[in-house]
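Working notes, beginning with the structure itself.
Labels run A, B, C and D following the written order; every chain starts at residue 1.
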Amino acid sequence: MIKVNFFAALREALNCNETQLEVNEPVTVEQARLLLIESNPSWAKSLTNNSLLTAVNQELVQDDFIVNPNDELAFFPPVTGG
Amino acid sequence: MSTNIPNDRIVIQTADFDHGDEVNLLESDNNEDGAVVTFCGRVRNNNLGLDVKGLTLEHYPGMTEKSLQNIVNTAREKWSLGRVTVIHRVGKLLIGEQIVFVGVTCKHRGDAFAANEFIMDFLKVKAPFWKKELTNQGEKWLDAKSSDTNKAQEWKSE
Amino acid sequence: MSTNIPNDRIVIQTADFDHGDEVNLLESDNNEDGAVVTFCGRVRNNNLGLDVKGLTLEHYPGMTEKSLQNIVNTAREKWSLGRVTVIHRVGKLLIGEQIVFVGVTCKHRGDAFAANEFIMDFLKVKAPFWKKELTNQGEKWLDAKSSDTNKAQEWKSE
Amino acid sequence: MIKVNFFAALREALNCNETQLEVNEPVTVEQARLLLIESNPSWAKSLTNNSLLTAVNQELVQDDFIVNPNDELAFFPPVTGG
């Protein structure tokens, strides 16, 4: 199982803070994204927004990064702190 | 340098901080570093022509601290730094309130200026914070600025 | 911005100053400028391998203030700045004591960093201050550093 | 009359804070320097040090700058503040 977090505008657009993906083997970030859309078709537009950033285990990663079961995955908009 | 005061101080908090206290902490028991550069960012009363009344800062607990520590580590690889403090507030903030503090001590002023600006430039594009502004037209998530992306990029081409 | 607080504060004094108070003054009644950058230089306990016990700062009264105002004016021509404070101490100073404070407020952080470093770089080569160090080998006037001359030169070639 | 100030290491080398030059017409900084050496030959070495800076009426100037009677002239070593 992969824990998935959403933040800020994306969290509000999906109306979801946190969900999980039931997978038992490694998937890429891109595959994880498609699995999430499969389970929640209404998320398609928000989750395929090109500007979204992705973190695995709290480190920024690219779409081809491998996510393992028990990893923590997060999607969020470009950051605006400081 | 005293071993009682750790060289990195990275804090995420809702409470305000005191600029003077932070500088004292950076300087106390530290007679090697002649230069201290601080940056403090506050909530402005204006943004893109809208009246801003305040903002809410959301972050990704855990990743935020990791990300700031990574940025500070990278700065330490580039320059010989003394102490570094990074404080970032989260939650609801009003106009004029302090948002972020970065303080760097160094033997040489050029390194202190460069490292402080480097930390701010990367905090702006890498650390998972998001601002939602309350303006006279309602609440609105801030868009990331391409000028911030460009500033961070410039360090890579050095 | 309030008209009660002048935009430039340039002070030469023997007394110490309070970093926090100076930041408060720069920020008070100023909700337009989101960025504050400060530099503070202190007496280091080492220089070129000699143990430093303290130093005496001499200056050219009258010219010092003029020279600092000229530097601040030039910075204001290059960047759109809010408030600027420059404080420089003279007389006898011990290890760890504060020597100089430069504070700049600005809408944008990049300008605040650049203007602050510009003011320090030109203060170092234009403002008539001279340091005499008391080391374990007696009193000695400091030699000017070519690295300081080079730093100031770099701004001209921009 | 031109008022002349010396500072820091130069002041100590000459053992003089302040002196005056009795001139009734404009001279260049270089001429002023030579007149000072004429009245105080022992100052020659210190006053011809290449690294010295010169200010007229509290502004840095070059050797060909014109100094008028009643101006304030100053010689000093490279500055080391900050």
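Note that in this section a residue touches a chain if its C-beta (ideal position, glycine included) is under 8 Å from a C-beta of that chain, and two chains touch if they have at least 3 such contacts.
The shown structure was predicted, so the numbers you read here are calculated from the model rather than taken from an experiment.
Annotation: 72 Å between the Cα-based centres of chain A and chain D. With centres set at the average Cα position, the gap from chain B to chain C is 22 Å.
A separation of 48 Å divides the Cα centre of chain B from that of chain D. Counting partner chains per residue, chain B shows two or more touched chains at residues 41, 109, 120. Contact of a single residue of chain A with at least two other chains is seen at positions 82. In terms of inter-chain touching, the protein chains here are arranged end to end in an open line.
Inter-chain contacts occur between A-B, B-C, C-D.
The residues of chain A lying in touch with chain B in their complex are 5, 7-9, 12, 51, 55, 58-60, 74, 76-82. Here chain B touches chain A in the complex through residues 41, 57-60, 62-63, 66-67, 88, 99-100, 120, 123-132, 141-145, going by the rule given at the top.
Chain C meets chain B in the complex at residues 18-21, 23-24, 27, 30-46, 95-96, 107, 109-110, 112-113, 116-117, 120, 151.
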